[in-house]
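Scrolling down, you'll hit the structures one after another.
Both complexes shown next keep subunit A, but they swap its partner, so subunit B is in the first and subunit C is in the second.
Now for the complex of A and B:
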């Protein structure tokens, strides 16, 4: 499940520990969201990849290209573990989520006085906040860290090439990408969560992973 | 007496974490499987007293593996150990015949309590 960069930034055991922690963290996110929306989030096996930051836009594009249009919720987080969380939703997810929050899949009728794009933006922001906050928060908690977040930023229903081309990433840095894809059993909602951290966090991360697994030695 | 324990999880770290939560002086025999299909095959050949089952796995999910094992042995004691603690996941596995559900990351006391409960159940069945 894990591809190791030639510089061996993380050993295979560290990668496996991080993958298991990500699995637990996204499980917490899904349960928190299921408390708010009456749906079951189908979880996948998290995937970890290490790459140069400059390769990141292409990597993300490859994963979301089937969606054509996407919505993105993004939050930066920082503690000793710091990085960027990108939650990418498939086209139409915002409207589906509005319906699910109100009545059930496919129905949108209340809040008719609100323009749909504002409602869509706020819904994506709220759902994104729950998923990202619970996942990153649990991940940090398991690694004995505390993180704070920037307010979520939302891009609604843009062609994936446009939505991603504006993104600026630091060059000459290495990214650890934790990817989880998800789908909902109710409503046509799916997407990816990417957590991107860079080599500023690596030293701390390696030590935190060692302390985490030490409890189980 | 509970002796043979089968741990089905695609993560070697998760299997290691589970084993480390169990006392070393109880004479448990550990068997491991890396996905649901491997789990079913090992179950049928080993006939463990307790099977610890993850849900999100490649090749065959934990849901499918539970269903398959229960077809062969309706008294199988399967303890689901999962990060997926959504109500739907819990009710589904219990409906399929799982004995109980434990949340990841495991707590030693929860695991020991589960084994003691399984021990009582096993004695009643026997």
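Now for the complex of A and C:
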């Protein structure tokens, strides 16, 4: 069933090109991320899957169940390429990130009166925003698109089955899920990035993929 | 023509180039900073705002230039990026204007990022409302001390913590003796006056770490963290003596009241926060039965 479905949307060749573009994009973002957040981020080779939107929460849960508790940063992006970015952090990532990023003396003073949970939220949001922007931005750039973003929303340390609801997603839509796992070389931080886009972007995506590959032909 | 929006809009806009030099500075920024655009244009942004030369801000700028990211600086955590005076003279809640800010990229016709923009929104009013609501939510309207809801949430927090890690804490329940008589003799306004007088006298005795709340009509509850029965008893006795000595002048009339107190302590066998309240309450009622103006400890 699934196979037929996928073929209707992207041909296997298009799938391969997209895979390739994501490899390049994420390779570039990893390099630039090191400059921005002073630590190296390892991004795995992205994996593309096409499914009904309603299957998505189940799919995400299946991947994050080992974490038990997760934090999620969600951001919408829109250009001609548009959709939802969900960055799922493993439990404890927020606190690790605080320790990693709060070494500037100026920064500590601006935070000292705030409780740790607000700090954790904001740190997850900041890092999530940077990571999502890096991955989505590079991908869009290679496809000659420019995207803008909504402010990030964050869910902190929630049990993984409670963190995602079916209601969040629009039924009858198809999701192209681009999944990447990431980890920081410093500190015990890891997780998944899911980019969820739908039919609206498909036409443009097919065209952008064609133009992209023409450069090499 | 559309350029006029830049200066007409009720939002601050700053444009910086890749060397962090100021390229644009709209009218709103001029008004609130007192710095004219021609004074700051072309100069280093960090010369004027050295406090923003911090890792988080620099990181955000880098991510705008390298990825075309949008970065958000919420009022909740940052309060403000630019230390501007508040515009309203009526509200002294904040020393500085509370701001919600964001930054993002500006691209040329080839989609290359040449500048970044920062926009600044004044959210002082919203932040003030939020703070006020939070306070209303945890304080008693008449006396200004904590309300029952707040105390109960603190109590259950303390209880859970002690159940996990051990240690000790106490509760003192206190009630004004013959309060109904005060109301009946002098009127409810006087009763309110006494409630305020008693609560502020007791509040002046407690330590910073203690929580005093109005629990019901003329009943108050004080949570004493890290305090066992002997010390709690001393504190309660101090409350009792202070109120006994207090003379309240209401409309030229001197009114004196006394309080009865019950003390309970977290110990084995107490299974819930409610049970601690119950134990203190029972002790309080024994104090009432035994003649009032008295402190009684739980069995």
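The definition used in the following text is that the second predicted complex is superposed on the first by the 194 of 217 C-alpha atoms of A that agree within 3 Å, B and C clash if a C-alpha of one lies under 4 Å from a C-alpha of the other, contacts with A are read in each partner's own complex, and residues count from 1 in each chain.
Throughout what follows, contacts are C-beta pairs under 8 Å (C-beta built on N, C-alpha and C of every residue); 3 or more make two chains touch, one makes a residue touch a chain.
Small disclaimer: the values here were computed from a predicted structure and weren't measured.
A.B. asks: Is A:126 touching the first partner subunit B, the second partner subunit C, both, or neither of them?
C.D. replies: The second partner, subunit C, only.
A.B. asks: Given the superposition on chain A, which partner contacts more residues in subunit A: subunit B or subunit C?
C.D. replies: C
A.B. asks: Contacts for A:34 in the overlay, against subunit B (first) and subunit C (second): which applies, first, second, both or neither?
C.D. replies: In the superposition, A:34 touches subunit B alone.
A.B. asks: Which partner does A:54 contact after superposing on A: first (subunit B), second (subunit C), both, neither?
C.D. replies: In the superposition, A:54 contacts neither subunit B nor subunit C.
A.B. asks: Looking at A:16, would you say it contacts subunit B, subunit C, both, or neither? Reply first, second, both or neither.
C.D. replies: The first partner, subunit B, only.
A.B. asks: Show which residues of subunit C lie in contact with subunit A when the two form their complex.
C.D. replies: Those in contact with subunit A are residues 51, 53-56, 59-60, 62-63, 66-72, 74, 76-78, 102, 104, 107, 111.
A.B. asks: Show which residues of subunit A lie in contact with subunit B when the two form their complex.
C.D. replies: Interface residues on the subunit A side: 13, 16-17, 19-20, 23-28, 30-31, 34, 40-41, 43-45, 142, 185, 213, 216-217.
A.B. asks: Which of the residues in subunit A end up touching subunit C in this complex?
C.D. replies: Contacts found on subunit A: 29, 32, 35-37, 101, 103-104, 106-107, 110-111, 114, 118-119, 122, 125-126, 129-130, 133-134, 137-138, 141, 144, 146-149, 151-152.
A.B. asks: For the complex, give me every residue of subunit B touching subunit A.
C.D. replies: Listed in rising order, the residues are 10-14, 16-17, 20-21, 56-58, 82-89, 104-105.
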